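Got some structures for you, see below.
Two complexes, one shared chain (chain A), two partners (chain B, chain C).
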Partner chain A sequence: MTVSSYLQRRWDVVLQLTLEHLIAVGIAVGFATVVGVLLAVAVYRNDRAVTVLLVVVNTLFTVPALAYFGALIVLVGLGWTSAITVLAIYALLPIVRNTVTGLREVDPAIVRAATGMGMSRFGRLTRVELPLAYPVILSGLRVATVLIVGIAAIGAYVAGPGLGELIFSGLGALGTARAIPEITIGTVAIVLVALVLDGLLALLGRFSTPRGLR
Partner chain B sequence: MTALALDLDEAVVGRRQRTLLRRARFVGVPLAVALACLAMYLYVQSQDLDNIERRIITFANIRRAAGEQIEIALWATALTLVIAVPLGIALTRPWARRIAPIVIAVANIGQGIPAIGLLFFVYIQLVRSGSTATVLGMAIYAILPVLRGTMVGLQQVDRGVVKAARGMGMGKGEVLVRVEMPLAVPILLTGVRTALVLTVATAVLAAFIGGGTFGSLIISGQAQGRPLAVAVGSLGAASLAILADWVGGIVEDLLRPKGL
Partner chain C sequence: MSEPMIRLDKLTKRYPGHDGAAVDAIDLAMPKGEIVILVGPSGCGKTTTLEMINRLIEPTSGRIFLEGEDVTHVDPDQLRRRMGYVIQQIGLFPHQTIAQNIATVPRMLGWDAKRTNARVDELLHMVGLDPSRYRDRYPKEMSGGQRQRVGVARAMAADPPVMLMDEPFGATDPITRERLQNEFLRIQEDIGKTIVFVTHDIDEAIKMGDRIAILDVGSRVAQYDTPEAILSHPASAFVEQFLGAGILLKRLNLSRVEDVEVATGEWPTIDRGSTGEQARAQLRKSGRSHLLLLDDQRRPARWIGAADLERSDAGTGDLSGLGTEVQACVDLRATLNGALQEMLLNANGVAVVVDREGAYAGTLDLDTIIAAIRRMRAASPDGDVPLDPA
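Let's look at the complex of A and B:
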């Protein structure tokens, strides 16, 4: 069986798994963005807290995916929840790091000017600092997205969603005609998903960043 | 796309913070790992293991898993560096100016390749040995970020400095060895660390193709419904990866040229 004949016969499955992959990555990045930005906003003024947060997030990032899946099988069991939780953990590092960087890079003079105009701390954050940090935060989101699109493949081991299922099923069918097409299609489709999402986020960055900040 | 930098924290925080960060890491990280392993040891001791658990969770198994994982990671890291660093140097020479952006673009796309797909592909198409396939697959996987790091590092060296060195009568090779390389050392070292952490972490995937490592404890534990074995394997894999990052960080600090 060749890659193209496999695709002809089972394009619907490939399409469905691709959609699952997108949904899982979307949920994980969304979740990580909310948590990551809130954490970064909570600590960015305090040097010590920033250090602690970065050490923790960095350490979480170095742990192998399979180790997380192992731990979550024990704690949560198999399924989407385990897979998406792990993806969100990995997405946290680029998002937290970039949000902290973006917020800390805002020119203090601008913040003082905002204070002088009578803005409250919350107003300064939401109307001055976060908009100025937005491009940096978005690029963190982009890195996180591409990264977890690849990691999501391993999620199939815990019965998670997505194209990893093809890769694992190909390995399981070792020696049969569908092994190679399945692994190839799964891998290439994941790279394509990463490329498309990366491109979309780049476009989003272009159109949503105020002209003065580009 | 920005790099998958494991260590940009230092760019985020200032110099004073960096010292703080280093100290926190130097002591805190191994301490936390040791405590977690001790807790796991005591917990396993307190449990009544059944036959299967007793067969999977042994010191011999754990030692072998750690050995396999470290060995795979070291070979893969060595292979990565031997290929990526010279290639990175070659591609930043003036004659390669046209190819360099293409290579960096490809390296960026490479970040999206799922390690597991690459690994299975190497195993099925190239070598039918779990550990050799993992070394090869992980090297291919890690080459892209390290190559990218080397190229960006060398490109970042101030052109003025290079011209000044040429003006002082240095040859092109001399400029590379005595000026460009030392200035690019921090980025090179980050590359080494990236490769090491990436390969130690992904080496566990070897278990899927019979290459051992802590992954095999996780997988056989899961296959036989023994969560305790899964937990021991997970902790082992996590500890090794965290310690690899720790060692990488220390090496980076020690080898960084003073004054940079």
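Let's look at the complex of A and C:
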């Protein structure tokens, strides 16, 4: 069996797994963005808190995925929840780091002018600091997305969603006719998903960044 | 004196771990509608004093009164919306258009869009920027001087009675600074705000201030008076030293061209439409070396000498290609010092004076300035204002 004949026969499965993959990555990045930005906003004014937070997310980042899956199978069982939780944990580092950097790089004179005009702390954050940090936050989001598209393949290990299932299925059937097409299609599809998402986020950045910041 | 706009009562700031106070019990009353300058050497506490007025820095003790109301403990955000604030770095929001930047405080105060837009256009006009051209630009698409004008417009947006300005023109080149200062004085003439203005530059203080507070370390007031009074009667050796050399020259900064007699008939002028023949006749009649060509708006355009007229085929041709361009004109509002500067730059030792619209108003020469200096020295009560030994 060749790659093309496999695709002809089972394109619907490949498409379904690709969609699952996208959905899982989307949910994980969305979740990590909310949590990561909130954490960064909570600490960015305080040097010590920033250091602690970065050490924590860095450490979380270095733990191998299999270790997380082991723990999560015990805690929440097999399935989507385990897979997405692990992806979100990995996405946290680039998002937190870029958000903190973006917020801390805002020109202090701009913040001082805002304060001096009577802008409240919340107003300063939402109207000035976050919009100015936005391009940096978005590039963190991009890194996180591309990163976990790859990691998501391992999600199949805990019966999670996505193209990993194709690769694992092929690996399990080595020596049979479908093994090589499955592994190839799974891998190429993941690379394509990563490239497409990266491109889409770059476009989003292009169109959503105010002209004054470009 | 009626109730001052701002009154500082033993206002003090101490930082933990520092000997002495950054600001040590300063008492100062700033009258309505005046520009009060806080000037002093670096580290004297002038910026700290300014930032305590809008409570960017919370005072350790003492009180701040705004129009008689004790504002030492009111909500700082509300307080700041009643005071315009301009800083040296300007701090425009780069992600917002010029119009959005200017609308910052009106939006916080809940103005409707129509009122805000009208105000934005009015302010852009006031600071000399064409609204249709600039309102939708971003800060990075403007020059430093233009950005500084927007900074001033933004501070004035909600028409606050008070403006606090911390070295507002400090980061601009000398030519732009001079222009911004003049524009600001012109605007202030119309709006009459109470302005507290921090600078370390005594010349700027003398030029801009209705009243100057010279501050020593700890924001101790060494002298608080009008520029004239400070220059004629420095209160202490510290003040004298801070004023520096050339007090008399500095006093030239206090007189404006409009205060002295501008000569209108000294130099012959000629309109753009005239022929070379008319120009030659005019020049001969006056007995001067040059005549001044005015353009259609009666703005000085070129100095034309007798030689230029002889040499040329000017009999029929256009005069506007002859002679040398009038390099710099001084406004009626310019200081005598500025006029002197122009005079020294100009080949024939004459400054061309123009009115607010830029039209020719006359000329000014060295004799006029020397006469003005004589009058100043005679008017000085001690009569002994030291001439700069240099």
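Basically, the second predicted complex is superposed on the first by the 214 of 214 C-alpha atoms of A that agree within 3 Å, B and C clash if a C-alpha of one lies under 4 Å from a C-alpha of the other, contacts with A are read in each partner's own complex, and residues count from 1 in each chain.
What we mean here is this: contacts are C-beta pairs under 8 Å (C-beta built on N, C-alpha and C of every residue); 3 or more make two chains touch, one makes a residue touch a chain.
Just so it is clear, the model here is predicted, and its values are computed rather than measured.
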Quick check on the superposition: with chain A as the shared anchor, is it clash or fit for chain B versus chain C?
fit
Using the touch definition from the top, say if A:58 reaches chain B (first), chain C (second), both or neither.
first
Looking at the overlay, does A:119 come into contact with chain B only (first), chain C only (second), both, or neither?
second
Once both structures are overlaid, the C-alpha centre of chain A sees chain B and chain C separated by an angle, to the nearest 10 degrees, of 100
Touched chain A residues, chain B compared with chain C
B
Once the shared chain is lined up, is A:146 touching chain B (first), chain C (second), both, or neither of them?
first
After the superposition on A, what does A:70 contact: first (chain B), second (chain C), both or neither?
first
After superposition on the shared chain, which partner residues are touched by A:184: those of chain B (first), chain C (second), both, or neither?
first
Which holds for A:110: it touches chain B only (first), chain C only (second), both, or neither?
second
Looking at the overlay, what does A:211 touch: chain B (first), chain C (second), both, or neither?
second
Between chain B and chain C, what is the tightest CA to CA spacing in Å in the combined model?
20
Footprint overlap on chain A, comparing chain B with chain C:
none
Sites on chain A touched by chain C in the complex:
107, 109-120, 123, 127-128, 131-132, 134, 210-213
Complex contacts: residues of chain B adjacent to chain A
1-2, 4, 6-9, 11-14, 16-17, 20-21, 24-25, 28-29, 109, 111-118, 120-121, 124-125, 197, 200-202, 204-205, 207-209, 214-215, 218, 221-222, 227, 230-231, 233-235, 237-238, 241-242, 244-245
Of all residues in chain C, those that touch chain A in their complex
54, 56, 76-81, 85, 87, 89-97, 104-105, 108, 138-141, 151, 154-155, 164
Interface with chain B, chain A side, in the complex: residues 47-48, 50-52, 54-55, 58-59, 61-71, 73-74, 94, 97, 100-101, 104, 139-140, 142-143, 146-147, 149-154, 164, 167-168, 170-171, 174, 179-180, 183-184, 186-187, 190-191, 193-195, 198
